[in-house]
Amino acid sequence: MIDVLYFAWVRERIGLPKERVDTSAATVAELVAELKAREDRYAAAFADISALRVAVDQELADFDAPLAGVREVAFFPPMTGG
Amino acid sequence: MIDVLYFAWVRERIGLPKERVDTSAATVAELVAELKAREDRYAAAFADISALRVAVDQELADFDAPLAGVREVAFFPPMTGG
Amino acid sequence: MRVRVQAEPFDYGAECGAFAAGRRDAGAVVTFAGIVRDDGGLARLELEHYPGMTERALRKIADEATRRWALRDCLVIHRYGPMVPGDTIMMVATAAPHRADAFAAAEFLMDYLKSRAPFWKKEFGADGTSWVAARDEDEAALGRWSGA
Amino acid sequence: MRVRVQAEPFDYGAECGAFAAGRRDAGAVVTFAGIVRDDGGLARLELEHYPGMTERALRKIADEATRRWALRDCLVIHRYGPMVPGDTIMMVATAAPHRADAFAAAEFLMDYLKSRAPFWKKEFGADGTSWVAARDEDEAALGRWSGA
């Protein structure tokens, strides 16, 4: 089980900020593929991966990052702080 | 007549902050030569021109700057503000 | 080295004064304040963040600045939540013996914080609402630190 | 664009706060404070200046910064007279729509002010008194602005 978090327009498009996902995906990319297959709103949110960033256990990561032992994955658009 | 001002160690070496000088020097360099010829303390203060800066009417200038119409000349070491 | 992430407003002037007060070890203090700018019709801004990761990311950026430059101290404060034009969103402050280090570290903090700390701005204006897009210049700005 | 040359202490925090307060036209404020640093045995400092020329030189530098960058405002305060370690000697502040301009202008102001405004520091320490020598790095720092 992995906590999956969504922020900004990803959160709005999917319609929730957080969910627990029962997955055997080996990488972030595989998790994305599973989520996209679920429903249109997920497919819409993940349509353009290049417009998204991912954090694994609260550290920025690549989409090919492994998920073994990971507790938390977050998806969001490029950051706009400051 | 020109007001000649001295700052920092130039002032200390010459022993006064300001004096009126009756001169017909055409340039700053000629004024320096006149002053150096006066007394040892002037010769000491102006011994190394490369260690000095000059302002003519309160604007930084070169030693070959003309003195025609000038009211005020100041000599001082490189500045250390900030 | 201090990092604060908060919803509450903070007093930029008071923070600058406290940061600089009584330093005898640092000749140079640089501060930056980010202010909500109204370029035409912005009513308010909502700043979303990622609790937990935000603090980690800011601390990591501040640690990196401390490692790269001879800093005596550094401070980052970043707000989240609703804000209106004129509000202070965030600030950084750096203290170093010489000004080159204080300036470079402050710019580094800002460049990284802009593109690597998990904050997202949503604007509410006359034309509706929109998520602020990341600027290419902000991503490009990171490049200048890779050689240091 | 404001320039102040004064013997009296000023409140850096209060100046920062007032400078940034209520801006809706500038998203970025940068400030710099120069503080008397005690690197071993400095008892006090005497800052001499050239009344009249000092204000002209600072105003000229501030005008040049305003000409080069998209500044909404800029402030320079510089003290003269006796100071002790920990005292704030001077400050600059810049406000601009974007941070690159605010940072560049503040660094430009500092670089020029260091080497082109008529101030001289005399240190009084355990080893006697001495005039602070200009640093080659400070003169060299001006070079980076000649292409801009």
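The chains carry the letters A, B, C and D, assigned in the order they are written, with residues numbered from 1 in each.
FYI, a residue touches a chain if its C-beta (ideal position, glycine included) is under 8 Å from a C-beta of that chain, and two chains touch if they have at least 3 such contacts.
In this text the structure is predicted, and so the values were computed from the model without any measurement.
Contact with both chain A and chain C is made by no chain of the assembly.
At the far end from chain C, in terms of centres built from Cα atoms, lies B. With centres taken as mean Cα positions, chain D sits 48 Å from chain A. Separating the CA-averaged centres of chain C and chain D is a span of 23 Å.
Between the Cα centres of chain B and chain D there is a gap of 26 Å.
Looking at chain A, residues 82 sit in touch with two or more other chains.
Shown for chain C are the residues that touch two or more other chains, namely 34, 99, 110.
Inter-chain contacts occur between A-C, B-D, C-D.
The touching residues of chain C, when paired with chain D in their complex, are 11-18, 20-39, 85-86, 88, 97, 99-100, 102-103, 106-107, 110, 137, 141. Those residues of chain A lying in contact with chain C across their complex are 5, 7-9, 11, 55, 58-60, 74, 76-82.
Note for the complex: chain C touches chain A at residues 34, 47-50, 52-53, 56-57, 78, 89-90, 110, 113-122, 131-134, 139.
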